[in-house]
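Order of writing sets the labels: A, B, C and D. Residues in every chain begin at 1.
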């Protein structure tokens, strides 16, 4: 999508799925629908790898799930074990070579691996491996991980994974596939989500429970931080990695990334967002005629705000849902208002009214400014912006694409300055306390580094520049 | 899109756009964004024709606007006059030969023409023309219309159009382009909408005002039934076709077809839908915990219902927006619940609640049944269905794709029978009176034949079977 | 293909095929292989239309036969009657709208028509039809022809064709298809070839007999000038158009256009070319070490020259056969010698030798100059150019794409001047007399206007500028 | 290309190109034209990798060179060093993952590598590496080679290559690229060809000298068996690998693989083929009317045979050059004679004649049988087959795709049996002695294992089944 039509949001970096079914039941179709239900987690590339018990098969490509696969490709994805991956759309370089799953041959057979997250010490591990003569064909962390697993593989796969987990630092939800088993791993802090479901004749692993719903799977439980779940013909077993520190799961899943119908670590995403709206109404009340949302992700918070404040909920924008990758560039006269191509203000609804506009997050502030301006032009008397997350002020190193701090409006401006830049009549962010409360989880089990700068994993070993996107 | 993922709705049949700009200002880009903003009116094919004052240029193809055009094609679409067209996706045969605009050479130069609507006597006119030796290369009404215009063209284009209007019966909003002018025509009943906007250096004609918003055009006025607006370097002129009967504009534009941010014949679509929800709450009150909408088109009515009833508005479904044309067929076990791939119920929101589910219309009832069932499975205690339009009981012959009457559940079942089939705890349709009231228009100026069977145009001359889709 | 890689030749303008088979035997596959065997007659677009006895079906597109069709498309091309068309690649504008066959509906059903040739009075007929109100959707002659046939169709198809033939002037080989019959027509001068073959269960019409070979059809006979052959379930009937003047079939078919394995009007193309080489050796003998051909079309003449002169035949160039439409432009340093990318001189074969290089024709002379230069650089001592056709000095108006006269080197330079421009050590063209003799046909039955300027059809009615390419 | 249209030939397995130019001169265009001129060596996939002195860039894909690349891709292939690769079309599985060049990151930077040939001990080396924990992402030998080079890289690239050459056994012509240099390597037996050329501002390495001609490079010399040529900003240096055994370059390059305009190890390919024809005429004379070739590769031998025998050379077949990958399958009635679609006999040339048909090689004999039969049907009185290579009776393990011995007609039948199977009136193969003589090289410097079974490299370490195709 072209500049200006991308709303100003953080970018999730991946979604993973794994499916294990009884022998002779093909699995590719389920993996396909699984990653399709996680498409919101990544639109840049998609891939599926399967294993028929003897050999791996895979296909990956740039684009949306339904663009990358066709019936001819499907005919080749044989097997009763399968994993899938979607990756988000960066504005920078992106190659099919970096698409996942990664499938390799090693001394014991084959490994397929798909990764959601980001290792902070991948560069160090890569250097060490290179020192020993290893060559790398991609720039993704998965290739580091799979090399480590292969090296430790002489005493079994679970042992190899544990040895690997001792070395890798950062965020990871992994699905791993061999000729015999499907394995799911969640990093010791549980930064990225992963859950397990039961099919009539098998099991599903997925980044979010919405994939389980779509596949008709019964939710079993979330994979806990540091857990390794291995699934084979005898069912599933869970082993806990010993050195498991405090939990620090990503709070942004609740704010923006996850699909609202997902339940992560026991918390319904829709409900958490609605709660945030309710708390926001208490923290930043305002007298107004209508509560509107920046569609689509802010709707639950707006519903909560409306309910708590008694101000009626209404629609303020119409979103054009037919924006495609190959869009013709708008001519100069249209470019100044390109946001309007995607998000047209609903004049008849907002005209003459005092509006509370709920946004789930503000990153650079560029889009917010444009849409507030468009509301005003459409006749809104006052626009009061309420944000259901605190100012984003710190970069994420655990798998989320954040701009440089200098571009984070929450890092460099006061709330009053931001209000003025945006052209809002008032501006209120939910407090971090309020946001943490909205999830109903124990507050110290959530990573909120992007707001607070409290990074749960020591960044000393972090690579000097961010090179990997998974 | 494959079977089961198409929600059960009537299909709009087209959208048209025309742009006239000062000489030497290229127009193709604006036409592109114009039809892009009308993409909801048709996803099967798209086309743009331009005229540079000397020659016409055109391109059309199957698919969405952003799929059909690229920069190389754009480079050839020279000119300061242009028209565009989108056509809906039928399940039956569809050829690029039937895409629009239609561009022909005739004795005076060239004519480009795009049509939204359906002529009921096209077959008779076609036969008469064939008797005189005319050959047809397509099955679209536009080819009949353009033949008639060409035959009457010796005394000028407006004269030719008036002569043509005397012969053609049915629904039509037309944009017509020659080397010198852009012309817009709305049929004498005004069945299909058309409006006029002003650009800094030109004019826009469009099926809906949302296209004007996107192009930054100022709304001038709706084209009235029977009006012919012709635009050239001297500005625009409007002529009224003499034999103009009572107005009978299509009420379904307000219910479902139009974008909510459009204003048609002075009535805001969002507001009309919200009003219908308010009236529906009065006609069919119910005691419940939450009002939800079948997304996206029923949201305004649901907001109205919630406001009028005092029951809180909430979300009940999550819609997967990444469904594409080339989707892999789901395997048997998934197929039974394919609606879930597109519309997953929001368990955490609906569980244990008494729900009012607002739908804007029910055609066959098949999808409604599936989604009500999915709400129940997700834990909804009661599901009370409220429909913001009366039962669809009669076919449309004026440009909307309606199933055979035998498949219209509103034509063959009582409300109680429908409720039972759908598995709803209660079912209430808005009255026709209420729906008409919701628009705020004079009631006898709206075509409501699909509900009442009162067809504003005599159907005696109608072709025995429907062959044309535009 | 990009500039410089197109050898300097006249361009054939089309090939046509028609197949009629017993009811219930599908015909599309045979039409496909028929036009594939005529691919040398046109590489710009390809099309197939079929009729299943009730309805026509068709598909056409830009590109080579194997690029335009796939299995999905084939599944729709039902029927036991079919026609096909290939069209050549121009450097100018070319639209899929101008691809053939043209399929129309008219009062009696449908007509499919494919045309090889060029009408000289199409513009006049088009104007007359436009005066009567007819509109045109393409710029091809076929649309004029099909309009005329439709107008005259009340007294039967053969009558309509005869009435049409009275009006149209120029070159045409036509295949026409209705619900019941397949018809082949050759213009009264027989400018473009057409022949008839017998299948086990049907008949084939084709521009060249090589298509009959490929389809396993038995050659019945050439269609004579002015003949109309109509094929239906009762077999074939031939009717002669009354006003048939002297035969004037195109001599360039023998020189360059036709495939050497075709037999046209009783004359084998390979044999005619070889004969021309033999006569050329007698007219322009030279003392040399080796006879080489500009591949591929000049090989038969080179073999003839070698045989007659006793000088051994050898290869002088290697042709790269993997040149595609989407070629990357060579960088500047390579561009100067782009001919080398397609035609590399065979150093080891030509070094130190006196060479006779046989070319079948020279149009602009640009390529000849480059390849003679490349031979010299490769070490050839002397290069004696012998051309198996006289200097091309006049434009063709009967369906061949000739450059403007000012660009025909044979029209503006003497042989000696040409020799000097080309850098040849000697240059000899076969005489017109010799060329005519080489075919073995009666000399006054061949059109040789491009050499002599003697146009067999009066050009008074010719359109002032050439607009149509078929 | 579909079954039956592939003539019965051995398949070359690759072509490689490397170009080094002065800094700031882009190299991708030259690499493109280099591999394009080697397209005959492989049509399955194509790839280019470049290095701009800091980073590698690459693109590879399935298809012909002109299909795989476009201008957008080119814009990313920055750099003054580049390598390219074409790979042949197998009938079996083929993945883009196996396309070359292979580009990896290792401790010192990046390595790009492209390989023509086949290692016989790749499986053993792969196993050893896997034992040490190495993972493999492809099934190509290049990945083994590049791992070895990386492991030995601490003491410099040339040292690493020499250590690698001590381990790998088999046939290889390699081009290797780093940030600073381009390196060419020919295996110690010289099984696969490689030559060096000079550009105005750089150097070219290529499998065949025809690539040098096309790029306007001056031929410097062949890389000798066991030589390593390294090119950097100081020019080129050549180092000889110590343990270099007897030369054994592949004789099939002269028979069929190489382009006739190439000069390999000092011998012109065209001339060698013509010589073989001359010797064949002496070994197997026959009284006949015309010598024809199976086009295109047998033409030089046929010219030689004609010259030596005094029997005139003529054309016997017309080859359709528009056969594409996506061909529609011919229907049953056409399938029996599918060879005719590609190779139609030239009736007018062969009818009533005694024919000598020269073929450069016979592998399975299936195509030969069909085309001899087609000549007979076309009226040839007698068909005397003369083959310019001995019977192929042994599989190749050095990079050529040979069928299983049981399918090699020369391995399982006597010449008289073959003659009878083919339906030829007589059959003569050139003697191995004669073939060796035709090249003018010392006889013991050529690998002729496919005829004699004398394998120059001990096959003891050979992998039990052939898995790798490069």
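Note that a contact is a pair of C-beta atoms (placed from the backbone, for glycine too) under 8 Å apart; a residue touches a chain by one contact, two chains touch by 3 or more.
Quick caveat: nothing in here was measured; it's all calculated off a predicted structure.
Engineer: Identify the chains adjacent to both chain A and chain B in the sense defined at the top.
Structural biologist: Both-contact set = empty.
Engineer: Express in whole angstrom the distance between the two chain centres, defined as the mean CA positions of chain B and chain D.
Structural biologist: So the centroids are 60 Å from each other.
Engineer: Rounded to the nearest whole Å, what is the centre-to-centre distance of chain B and chain C, using the mean of the C-alpha atoms as each centre?
Structural biologist: The computed centroid separation for chain B versus chain C comes out at 49 Å.
Engineer: Going by the touch rule set out above, which residues of chain A reach two or more other chains?
Structural biologist: none
Engineer: Linking chains that touch, what shape results: line, ring, star, complete or other?
Structural biologist: The chain contacts form a single closed ring, each chain touching exactly two others.
Engineer: Applying that definition of touch, give me each pair of chains that meets it.
Structural biologist: By the stated definition, chains touch in these pairs: A-B, A-D, B-C, C-D.
Engineer: Can you tell me which positions in chain D touch chain C when the two form their complex?
Structural biologist: Listed in rising order, the residues of chain D that touch chain C are 26, 29-30, 32-33, 36-37, 39-40, 43, 64-67, 69-71, 74, 200, 210, 213-216, 259-261, 263, 268-271, 274, 299-300, 303, 306-307, 312-315, 318, 320-328, 330-331, 333-334, 337, 340-341, 344-349.
Engineer: Quick one: in the complex, what on chain D touches chain A?
Structural biologist: These residues of chain D touch chain A: 102-107, 111, 127, 130-131, 133-137, 139, 146-147, 150-151, 153.
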